[in-house]
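Next come two complexes built around chain A: one with chain B, the other with chain C.
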Partner chain A sequence: MESSIQDATILLGHWSVFGAFVLAGWAAIAGALGGAARSFAMTKSAERAVLAATGFTLLAAACLVRGFLSDDFRLDYVYLYSSTSQALPYKIAALWGGQAGSLLLWVALLAVMASIMVLTNRRHNRALMPWAVAVVATTMAFFLLLLNVVEPPFRMGPMRPDGVGLNPQLKNYWMMIHPPTLYVGYVGFTIPFAFGIAALITRRTGDLWFRTTRRWTLCAWTFLGTGILLGSYWAYIELGWGGYWAWDPVENASLMPWLTGTAFLHSVMIQERKGMLKVWNALLVILTFCLSIFGTFLTRSGIISSVHSFATSNIGPFFVTFLFLAFFGSLVLLILRLGDLRSEARLESILSREASFLFNNMIFVGIAGTVLLLTTFPILSELFTGRKVTMGPPIFNMVNVPWALVLLLLAGVGPLVAWRKASTVNLKRNFAGPVLIGTWVLLLLLFRDVRGYLSAVGKTFAAMGQLDLALALERVQAFYPPLTFAIGAFVTATVVSEFWRGTRIRMRHHDESGAIALGRLVSRNKRRYGGYIVHLAMVTIFFGIAGSSAYRHESVHSLVPGEILEVGPYWMRYDQLRLVAEEDHIGAIVEASLFDAKDGTVLAKLAPEQRLHPNLQFEELRSAFVEARRLGQEGSPEYQRSVVGLFGLIRSLESRAQREVKTPSTEVAIHASWSLMHPARLAEDFYVIPVGIDPDTGQASFRVFINPMVNLIWFGGLLFVAGSILGVLPDARERNRLAGALALEDRAIA
Partner chain B sequence: MDGRQTKFVLIGAGMLISMTVLIVAGMGRSGGFSYYLTVSEFLVDPRPADDRYRVNGKVVQGSIDRLPSGHDVRFAMSDGTRSLGVHYNGIIPDTFVDGADVVVQGHLGADGTFQAHTLLAKCPSKYESADGAEGAAAPY
Partner chain C sequence: MVAGVIVALLILSGATLWVAWPLFRPESAREMEEPSPLMACARELESRREMLLSTLRDLDEDREANKLDPQDHAEIRGRLAVEAADVLRRIDENRAALDSEERRRFPVIPHPAGRPAESADD
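== the complex of A and B ==
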């Protein structure tokens, strides 16, 4: 009975993927026909096909999940990413553990969004909708084509007793939330792109298309940003190298669309208000969509490791074709429509809000461009010269840090500088205080280490004297941290003054108390104040990055149980070594106590751990492991001995079998200081990784990091989410604007 | 084009030039730009003093010799044709196992051993599909 259900599930899943492809293909064709012939029936048919395709896609995903839940190891995909012992949440998360499932999740998310788009626009946007549906359905059809032709998720093999299982590094709950969050971000940009293209095709290039998709864009952008932050947090607590961002191609892939998306969010405001930058906005939405697809391509095609692996990976050529068509097709369309996109106003002054937004856009796109160039340079070099090269983090930092600081400065300037042309009065009124505060912070920081900064100035000039520009630019980096704090203080002051001024005016005019006035001020204009909160979040994140990269301490130590280690303001006592045999690994846990060096109070108990996941294909190892697990349940002293024996067995097996019989992993121990008693250490992490542990003697070596202010990054991340959500929440003012645009459109069509 | 537009174009051009200069400057820094070679390619013309080489290959089965310090390891890496002895001092990544794809950066020592200061390792294709298109290191 069960086996026939399993057979039916696989069959159903397999044909659902096919059915979804056919329906998405039809939706694309019918949408285009409906748009071209202005046929209401065709458009309706396209919209229904999207809904049906969504149903089939979800059905396929459900069938695959069901395959995981029922341990159906006939399915290659289930065999590779799951095992009988895998806990339930990881059986579900294994859906996106590999290629086919990730693509299926991607298209399922897109399908759900497409359906929401169809359902919320049943009566609106009748001119744009057929084309928007066609664009989204084409994207869906592309991914479904991959799933049907190249990466079928329901590929079957012989029944196998057990699966390989998910990589141990992926088995933590970040795996459950980080990839889907990121995917929602990537996928979400398809909707604004679709409306942008629809606006270009139909020549309805007013503000309707981006007003309709404002919240879509903001949502996608929020999810993408959150996904990036979650990814760096995951890397920080799980991967054990003490850092959170390495300019890895996979990280860059997610950062690029976020950067152009941020630029887009800003520059549409100029189009809304002034009818300027129309071409630029269309270009940005095209870029953001293409970079999202490119990001998926970078992470999924294997092109990063080598052009050669790209040639063997089979989805690569499909992606390149799709990207090529999407990008150049959109570009050609944009060029054909240049006549419809004339600006309604001109820039009048460099000291104006328009100009500051334009600069912000140029920097965002500039940074995205450099990241793109540096990320793809190795690929291009290998393709054209046959020489493989790599680009390390220092290049990325060299280019991006100074421009990111200018960007941060603009986050303070942009919202307060007047439209058209700022008067001296406007500048004085809004910026005198914040500039003073920023300067004061800068001087304070410089005076704290006068000698150090003077010598940095000397070294910079010395390098310039030797005409060594690279060295001079490197020396200048000593000034980035104090500059970051000064600029951050300036931005914070401008934002706080905005809140303060708005609240005070309300208190006076409406006779409200401070709290009520602040609450109403924010809720009456969520987009604006949400934006300010996001700016504050960025300041906080910049502080965290500056503090943790400039003042970090890193050292390696070797200790025996009972020994005390002194690092900075901390003492760490290595109390004892505990050995355990858990579900799928044996672990050596270093139990340690962390003390405040000043007064000897206990700050925390730490338990960093080194784990070995034994390869249970080796019978000898399997039986010893099972035996140790059995003893573990009794908690006897033989237990410890048997686990020590396991460590020894692995070593001897390896020398005998001449191959590795385990997969090691490390659990980091982190103590974060949040005590207000030590403001200098606020948000600081004491971060310890066991490097090598001898289970016989208990001798262990550690790598210890003190990462000051690093928690500001995560705190800023929460603030970012809060501000973004505020911006996405329904807002009466925005609703009226959209309703106005829609009414205008309806009249125009009638 | 009037004066104001010229100003904006100039600012944009300045931005572009400065970014280019910064990229070129960044390439000159250690840890920035480096050549990525296979063991054989490296051994054709090894320059002992130069640090701008990253050599990649597979860890030779059974060659890993972890020294008691816990952060020293000696091993041999090979690209199938030639092999290179490596000594690495630093944090040993969890993914560093027999058969793993590794990338080392450092210089060739006087004794012919490669002295690595950076070691990157990617799991052998144990957790991946047969085409091995992606490494287990990329958890997406």
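== the complex of A and C ==
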């Protein structure tokens, strides 16, 4: 009975993927026909096809999840990414552990969003909808084509007793949160893109399309930003190199659409207020969508090697074709519509908020372009010179950090400058306080190490004298941390002054108390004040990055049980080594105690671990592993010795088989300091990772990092989410504007 | 296996029928009309009015927050107010023209029971 249900599930899943493709294809065609012929019937049919395709896609995903839950190892995908011993949450998360499942998740998320788009616009936007449906359905059809032709998730093989299992590095609870969050971000940008293209095709290039998609854009941007931060945190706690960002291709892939999306969120405000930058906004929405697809391509194709990329595949040519058509097709359409996108106003003054937004847009897009160029440099260099040249983090930092600091500065300048025109008198008056605070912070930091900074100035000028720009840029990096803190203090002061001014004005006009005035100020201008909170979040994140990069300590030590290590303000005592045989791995856990070097108080118990995930396809290894686990469950005194034996067996098997029979991984131990009693250590991490353990003698070597202020990055992430949610929440003023525009549009079409 | 095929076929045919249904309904021949030039103009004017109102609000907020000089504020506000008045006048004119166009397109139909007549698009 169970077997026939499993057969039916596989069949249903297989045909669901096919059915979804046919329906999405029809939705694309019917949408375009409905738009071109202004046919209600065609449009209705297209919309229904999107809803039906969503049902089929979700059904396919459900069938694949069932395959995982029932350990149906006939399915290649289940065999490769699951095993009988895999815990239930990882069996579900294995859905996006490989290529086909990731693509299925991508298209399922897009399908759900497309359905929400169709359902919320049943009575509105009737002129834009056929084309918006056509664009979204085309994207769905493309991904479903990949699932039908290149990466079928329901491909079957012979029945196997057990599966290979998920990559050990992916067996982490962040696996359940990070990829879906990131994917919602990537996928979400499809909806604003679809409406943008629909607006260009129908020549309705006014404000309706971006007002309709404002919350979509903000949601996608929030999810993408959150996904990036979650990914950094995951890398920090899992990969064990003490860092969180390495300018890896997969990291860069997610950063690029986020940067252009941020530029769009700013520049669209100028179009709303002055009818300017229409071409630029359309271009930004096209770029953001194409970079999202490009990001998925980089992550999934494995075209550029990355520590985060867990896939290699032959989907590359399909993606390149789709990207080429999407980008150049949209660009041609944009060029054809240039006449409709003329600005309704001009920039009145260089001292205006519009101008500051324009600068920030140029920098955002400039950084995105630089990251794109440096990320794809290995491909480009191979194409033109036959040699693959990879760009490392130093070059990314050298080029991008100065611009990022200018961006941070603009985050403080923008809010204090008036729209349209500001006078130098106003600027002086409004900026005096924040500039004073920033300068004070800068001087304070410079005076802490006058000699060091004077020497850095000398070296920078010497490099400039030799006309060596690269060396000069490298030397000047010594000033980045104090500059970051100074600019951050300036931005914080401007944002606080904005809240203060707004509250005071409300208190004066409405006779309200301070708290009520502040609450109402924020609740009635959610978008603006949500944006300011995001600016504060960025300051906090920049502080975390500057602190943890500039003042970081890293060292390697070798200890035996009982030995004490002194690192900075900490002592770490290596207490004992414990060996374990768990569900799918054997582990060597170093039990250690962390003390405050000043007074000897115990700060934490640490347990960094080195794991070996044995390949249980080797019968000898499998039986020894099962035996060790049995001894462990029985609490036998032989348990530790049997695990030591397993380490030895793996070594001997590897030398016999001349291949790896295990997958190693490490578990980091981190002690975060949040105590206000030690302000110098606030938000600091003591981070320890084993690099080598001898299970026979207990001797272990560790890499120890002290990462000052690193937790400010994660705290800034929480602030970012809070500010973004505030900006996404319904806003009466925004709602009324959109309702007015929609009512008039509906009357026009009726 | 057979049950799987039957279920898959049933679901697929049900979905196909549901998706194709709008094409065979009597009202399927209806087409969306291209908005008249007057309607398109109304939409543009409304959008302009919204833009001007929000700019005026920003301008006043910036003045209150001391981000803008009183002279600059008065000068820009005056300019925008003139523009807003012009847009409002054009909206009124356009609305009147639209009403007469709609009356022409959808003439009043006398109610059989002699009740006050309603226009067809009500």
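Here is the rule we use: the second predicted complex is superposed on the first by the 734 of 750 C-alpha atoms of A that agree within 3 Å, B and C clash if a C-alpha of one lies under 4 Å from a C-alpha of the other, contacts with A are read in each partner's own complex, and residues count from 1 in each chain.
One rule holds in what follows: a contact is a pair of C-beta atoms (placed from the backbone, for glycine too) under 8 Å apart; a residue touches a chain by one contact, two chains touch by 3 or more.
Every value quoted in this text rests on a predicted model; they were computed, and no experiment measured them.
In the superposed model, A:W15 makes contact with chain C only, not with chain B. By the document's definition of touching, of the two partners only chain B reaches A:L347; chain C does not.
Once the two complexes are overlaid on the shared chain, A:A127 sits against chain C while remaining clear of chain B. Once chain A of one complex is fitted onto chain A of the other, the partner contacts of A:I116 are absent, as it touches neither chain B nor chain C.
In the overlay built on the shared chain, the residue A:E272 is in contact with chain C alone; chain B does not reach it. Applying the stated contact rule after C-alpha superposition, one finds that A:A432 touches neither chain B nor chain C. With both complexes placed on chain A, chain A has more residues touched by B than by the other of chain B and chain C. Interface of chain A with chain C (complex): residues 4, 7-12, 15-16, 19, 23, 26, 37-45, 48-49, 52, 55-56, 59, 126-127, 206-208, 272-275, 344, 416-423, 425-426, 429-430, 498, 501-502, 505, 737, 740-741, 744-745, 747-750. Listed in rising order, the residues of chain A touching chain B in the complex are 76, 80, 98-99, 102, 164, 166-167, 169-170, 175, 179, 182, 234, 240-241, 250, 299-302, 304-305, 309, 312-314, 346-350, 355, 358-359, 362-363, 366, 369-370, 373-374, 378, 387-399, 402-403, 469-470, 473-474, 556, 558, 654-655, 658-660, 662-666, 689, 691-694, 700-701, 703.
Chain C contributes residues 1, 3-5, 7-8, 11-12, 15, 18-23, 25, 27-35, 39-40, 42-44, 46-48, 50-51, 54-55, 58-59, 61-62, 64-69, 72, 76, 121 to its touches with chain A in the complex.
Those residues of chain B whose C-beta lies close enough to touch chain A in the complex are 4-5, 7-8, 11-12, 15-16, 19, 21-37, 54, 61-62, 64, 66, 68-71, 91-94, 97-99, 122-123, 126-129, 131-136, 138-140.
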